[in-house]
Structures are given as structure tokens and as C-alpha cells.
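Take a look at the structures listed below.
Presented sequentially are two complexes of subunit A, the first with subunit B as partner and the second with subunit C.
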Partner chain A sequence: MNYEFNWFYVKKALPQLMDGLMVTLQLTLWANIIGLVLGFIVAIGMLSKIRMIVWPLTAYIEFFRCTPALIQLVWFFFCVPILFNVWWSAEFMGMLALGLNLAAFNAEAYRAAIQAIPHAHTDASTALGLNVLQRIIYVILPQALILALPVLITNGIGIFQQSALVALISVQDLMYEGRYIATQTFRPIETLTTVALIYFAVSFPVSQAVTLVERRTKRLLAS
Partner chain B sequence: MELDFSFLLEYSGVLWRGLLTTLQFVGLAVVLGLIWGFILSMGRTSKNLFIYWISTLYVEFFRGTPVLVQLFWIFFCLPLFLGVDMSGFTSAVIALSLYSGAITSESFRAALKSIEASQFDACTALGLPNGVRTIFVILPQAVLRAVPNLLSNVVSLFKESALVSAVGMADLMYVGQNIANNVARPIEILSAVAIIYFCIGFPLTRAVSMVEGRLLKVVKA
Partner chain C sequence: MAFVEIDGLIKRYGTLSIFEGFDLNMGSTDRLVLIGPSGCGKSTLLRCMMGLEDIAGGTIRLGDDDYIDGAPNGKMKLNRQVQKEVGMVFQHYTLFPHLSVLGNLCLAPVRSRGIKKSEARDKALGLLERFGLADRANFYPSQLSGGQKQRVAIARALMLDPKLMLFDEVTSALDPELVVEVENTMMELAEAGMPMMIVTHDMHFARNIATQVVFQERGKVIEAAPPKDLFGNPQQDRTRDFLRNVLHIEG
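Presenting the complex of A and B:
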């Protein structure tokens, strides 16, 4: 334990780390947008009685939930360009893989929430003459969103943390910059600790907010 | 683009060894995490403020940072920090176990919290001493209620274990990527690796929901 700390290099590299953080946050934002929208669509699809819709969706959800995010990311990075003959940037691939991963988890959260909506609401919609789309948008979506909100936010922060994986497919996010600076300056302890603290500083307040939201929604539902 | 999965047979031995390494990491992290998590959950329910805050900070920190960062930190920094040599294997196991402990302690804590106050009152009414109360009344119920969560932690550890490939451990992920680079056939090999992960992850996930359903019945009854 006779290590001498030297924070000089980390201080100098702080703007670079902040650039990395911006990339991380952008990835998180887009992955969450994909996850929230696609997740809901998948959850609605799962309600269908047509097997040709339910089975592929189930396969999609289970596959993304039961394999490591890293293999999904690497698979997208290496295989999508060959399979579909497209050349997208690593950032885009990362965003896509993270978004699809999140959508699978969110779909489950939405599904649980939708199941909690009393069946009387469906009957009421029919009685009011709402068509299927109106029912989904005006009756199911608002309630599902409120009920699933705590889980959705938790999944969202999860993706913020998982996004560190994109560093392994050469996206210059916070993790990537941190590792780069650590090797450049031979100061892994200071650099990686700073990186860890930055991640923590972002995710901790959000996870605390979840507890608050959870309490609020419970009260909202009780009233 | 022609797909040719036949060459995979040649590599089945290597993949198998990779899988065994993965399972080894998961097994060690689960066992060590259970012990560490139990200690931490004691700390988090402790009345000693210092112990409470230290363990809370620890848990929040490990749950609030990417596992990849933790892994790199332990791999690169811990040996420097302590001034000892540490094999990659040791540091990967330590990193996974520390993370595993953090998530496990949360499951234990939730289970402990879910035990009604009436149980404690009943123990007092029956005149049971503290030790007996903890071991025969609280612990069995807490473990029973924690089981589904603990199992789903095993699933997430199984998935997170793929990260050790980033510090050069020859687990399934690492082996797969290596072969993919060597034979320049990423689609076949990476898909195969994904399917192997799925073949283990899926039954595990199913088992979790089955156990959950069973336990709900037991607890309610």
C-alpha cells in the first residue's frame, strides 16, 4: 500500500473523458428511445392470438434476454455488415444492439403491466366504440407506462451501464477513453477510478429517483 | 455469402473448454457471492451506523457502475494498489464475486424485509432467544423468499461472465472471438457461441420462473 497517487494526467484528460461521457449518454438515450417504443410494440404483439406473430416475438425476447449483451454486440458488429451488406458505424451498431437488447427487457416489463390492467377496461373500450388502435393508444399505453415506469427506468440505467461494452467494439465512449488514457499515461488507478466515479455519479441519482417514482406510482394507483 | 457450419465440428473441443471456463467463473462467483452477499446484507440491516453506511455505499457503488469498469479496475489497479502479483484468473474471479456479492445482498435484504413484524412478535411471545429466532424462524423464511431472486442473479452472472474475455480469460466468448478472427467466418462461429449461451441461459431463466411459481404457492399456503 505504498502507492503514490498522481492526479495530474487525469485532470488534463478530463475533457477527453467528458467527450466519452457524451458518447455514452447519446448511446443510452437512443437505446432507450428504441427500447421504449419497440418494447411497447413487441408487448402489444405478444397479446396477439396469431401464432405467427407471437412465436417470432417470443424467440426474439428470449434470445436477447438469455444471451450476454457482449455477444449480441459483437455479433452485430461483425455479422450484420456481412449478412446484410451494409456498412454502418460502430456507434450505430452499438446503439442498435443495445436498443434491441433493451426492447426485449422492456417488452417483458410492459407485458406484466398490461396484464395488471383490469379486463373491465377492455370491455369499457368496446362499449365506448373505440377501435383497437384507439384502445391501445388511449387506454392501454398510458396505464402500462405508469405501471411499468419503475422497471423501465431501472432497465434504462442498466443499459447506461451495459453501454460500457461498446468500448470493446472500438466506440469511443467513456470506458474506451478511460482505458486509452490509462494505458497512455500508465496511471490506471487514477483514471479508472475517475471513470468509475463518473458512471456512478450518473446512475446513482437515477436509481434513487426510481425509488421515489415507485412510491409515487403506488400512491397514484392506490388513490 | 455462403454459410458453412460444418467446420465448427473441428473447434467443438475448444468451444467446450471455453464453456467449462465460463461455468467455472460463474460457479465460483455464485458461491463466493452468496457468502459475501450474506455478510453484506447483515451489514445493511445493522444498527451500527458506520457498518450500515459502508456496506450501503459498497452495494450502491457496485450496482451503479458497469461491471466492465469493475473488472478493469480489479485487473489493472488492484495488483498495483496492493503491490502483489495476481493472475488474471484470480482478479476476474474477485471482480465477479464482488459484483455478485453486491446484487446478492440486495436479494437477501429484500427477503429479510419482507418478513412481517408479527413473526418477531410471535417469537417474543413464545419466549424464543435471539439465536433460535434468527436460525429457526427468520432464516428459513428469508432463504425461501430469496431463492427466485438468487437464481435470477445466477442468470445475470452467467451473462456478465462473458466480460472476462475482455481481460484475456479464455472463456466461451473469448474462444469464439478468437476462432472467428482466425478463420474469418464470424457469422457461423459467433452465432454458434450465442446459441450455446442461449442453450444454458434459457433453461436457467425458465427454471427461475418455475421456482418462483412454486414458491409463491408455498409462501401463500
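Presenting the complex of A and C:
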């Protein structure tokens, strides 16, 4: 291989890549807000044991877990407008699809965490005179949130990477800008490598933090 | 009239029958130690006393009040006011790991009894001081030894001023060298006049703390007597067999 690297164009295009990164980060942020809040509500619904609630929620979770994120995204972009006659922006559709995808995964994380809290805490709470609601709010949920935290962060950073898919529905995110510059400058190696490094630079510290968080939560909840 | 009156208690787990008409009385200055073979229903009895189990029949009275009125098919009546006068310490997972020692002690008084935070805090610090745990107030359960955890659990129950304390094998999961500190805490409580029902395998401790030892087997009280009589001169063959076995194992 005698390829001559030339970083000039990438350097010049860096501000444009940064604009793309901002779009990616915003998408990630909103998708995570949806994923954390909706995922929690879905998990509570799943634990309600009311069939009318559990059934549709199960369908929702399994649908999003068992289809590629790409098809979910494209489906939202092309089918939702026709089916429901709503014409939202590509950014909004992207955010919605990613958010719903993340919520499905987070719901499972919350549910598993809530169910992992030892039943003995229920007895201990009752012996202390706490009622059902007080027990859930002050004993079960705080522990479940702590327990779920590492998985929630992992899922959240996963959606940051998955968000690159929105470039395909022409949202001008980091991936989109990268591909655009690569074609414009005929410098795919330099440009796409830079884009990959930017994704890495954001993800890596977070994934390292997860290890740390996991160790601390494990230690705290060990009993 | 007895302080605790268990009358005709019926308790079943599905088709497994634990008690079919179990009677037991306890005076207000008594400390009952329940002994008996594993699986004979000692934990179940304490759990019934705490109101944690649905009982199919019989009544439990505490002090001057009707406490539990058993009935089949989940129709049991439980007086929640009386339930609040009973405290319990378990063998496992006793503390809430996400709360500090102080947080564990103050949770129920503040959230369920409506006691002011500052007031609960002062009371908690007082109790921790009394049990020699003052320097652990801001520790988390994961930072405590097993013995300290159990003593904190006792303090947490005392925050609610119980009239009766239940202890279910609170030292069974502890390393041997940590057992004594917990037993000493219970002895201190006994000397302060707290009525208790205790399940323990430590016969030496039972002899020291009990006013009355109850040997139960297959859902019945076989023999109940003050410790020096029950251990020194058991009247029933089954009591003798049981004691011979456990004392032999203890060596």
C-alpha cells in the first residue's frame, strides 16, 4: 500500500464535523430522555400484571428488540407519515424511533432490577410499618435504580452509536457530514477515520465509567 | 390475662399444614425462646406474630387488643395499629443497602409515623450511642460487619418503640466471633424489660436470656418451662431427644 495521507481537507472540514456531532449529541440526549422516562413507565406497566396492560407492552418491547434499529428508523420515516398523516421533520422522527427503541431495552433493565430486589426487604418494610406505596418509593425503587444504572448507561451509549443510522434519512448528523465530506474531498480514509475516532472519543470514557459505576453499585448493594 | 395470647392458630402453606390449632401464652415480663427441629414452624410462628402471614384460623391478642383474627381464603383481619407495636429482626438482608445507618433508622419514623426529621435523628443517634455504634451513623450497610448490621437492625426496630420484639435466628448467619456482640445487645434489651420472642439455636444463650423456653415440634408445643427446668430436667422424651441431639452437635 502506498497511499499518501492528506489531512488538510479533514482539518478544514472539522467545524462541519463538529456541527454534525452536535446534532448527534442532541439526538442522543433526547432519545435517552425518552428511553429513561418511557422505559420506566413501561417497566411499571409490565409489573402491574394486568393483562390488558402487559400484553401490548410485551408486543412493543419484543417488536423493538427483535427488529433491526435501521428498519425501525426507516419505517418511522416513510410509513408513519402516510399511515397517520403527520409530517414531522426527519430529526424528530429519528429521535422518536431511537427513543422508542431505547425505551424497550431500558424497560427490560428496570424490570429485571426491580425483580432482583430481595423479597426479604418487603418483609422488613412491613415489619417497620411501611405501607405498599412507601415500600415501593423508599425501599424498592431506589435500589432498583442503582442496580439498573450500569445497564441504563450502556444502553444510552449504545443509542449514541446507533444514532449514526439517521444519516440514512438525511438527518445532518456526524455520520452524514462525514460521508458528505468524504465524497466531496475524495478523502474517505482520512474523513471516515476521523469520524470513527470522534465516536470513539465520546463513547470510550462513558464505557469506562460504566465499569467504575458497576463496581461501586455492586459493592453498595452487596448484603 | 396474658400479654400475648395465641389461640387455636391455623396456618397452612397451600396444602402443607404447619399449625392446626396452636396455643401459646406469654406474660408481659416474659422472654420466650422457641426451640425445635428445623422446619417445625418457628419462623412461621414469628412471621404470623408480625402479621406477615395470612392465617386461616385462630386469634392472636396483644396487650389489651385484638390483633389478628384468622379466617380462611385471605379473609384474615389484621389490626394495623397493633402491628405497629411489634418489631422484628430477621436473619438475612435486614438493612436497606441504599441508605446509611442513620437513613435506615429514620426511614420508618419519618415516612410512616410522621415524626420530624430532626427528632428522629436525635433519637437515632441516642440509640446508636447506647449500642456503641455512634461512629457508624453515616456508614452504609456494606461497610459494616455482620454483627454491626444486626445491631443496627435492632436499633432500627427500637426507633418505633415496640411493645414486643421478635428475633428470628438473628445470629445464625454470623461468623462465630460476631455472635456475642449481638447477643449482648439483646441481653441489654432484656435487662431493660423488653418482652421478646426469640428463635435461636444457641442453647447457651437461650438459657441466659429466656424466662420461658418453648420446645415445639410438628406444629405443637411439646413442653414449655423456665430454662433451668427445661434444660436441666426435661419432662418429655421428645424434648430430651431433641436436646441430646443439639447439645451433642454443639459438643
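One rule holds in what follows: the second predicted complex is superposed on the first by the 201 of 223 C-alpha atoms of A that agree within 3 Å, B and C clash if a C-alpha of one lies under 4 Å from a C-alpha of the other, contacts with A are read in each partner's own complex, and residues count from 1 in each chain.
Convention: a residue touches a chain if its C-beta (ideal position, glycine included) is under 8 Å from a C-beta of that chain, and two chains touch if they have at least 3 such contacts.
Note that this is a predicted model, so its numbers are computed, not measured.
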item	value
First (subunit B), second (subunit C), both or neither touched by A:210	neither
Subunit B versus subunit C as contact partner of A:189, first or second or both or neither	first
Which of subunit B and subunit C A:199 touches, first, second, both or neither	first
Touched partner set for A:46, first subunit B, second subunit C, both or neither	neither
Which of subunit B and subunit C A:79 touches, first, second, both or neither	first
Partner chain in contact with A:130 - subunit B first, subunit C second, else both or neither	second
Partner chain(s) touched by A:68 [first = subunit B, second = subunit C, both, neither]	first
Touched partner set for A:120, first subunit B, second subunit C, both or neither	second
Greater subunit A contact set [subunit C / subunit B]	B
Of subunit C, residues touching subunit A in the complex	47, 50-52, 80, 83-84, 86-88, 90, 92-98, 107-108, 111-113, 140-142, 149, 156-157, 160
Residue ranges of subunit A touching subunit B (in the complex, touch as defined)	1-3, 62-63, 65-72, 74-75, 78-79, 82-83, 161-165, 167-168, 175, 178-179, 182, 188-189, 192-193, 195-196, 199-200, 203-204, 207
Residue ranges of subunit A touching subunit C (in the complex, touch as defined)	118, 120-121, 123-124, 126-131, 134, 138-139, 142-143, 146, 219-223
In the complex with subunit A, residue positions of subunit B that touch it	1, 60-61, 63-70, 72-73, 76-77, 80-83, 155, 158-163, 165-166, 173, 176-177, 180, 186-187, 190-191, 193-194, 197-198, 201-202, 204-205
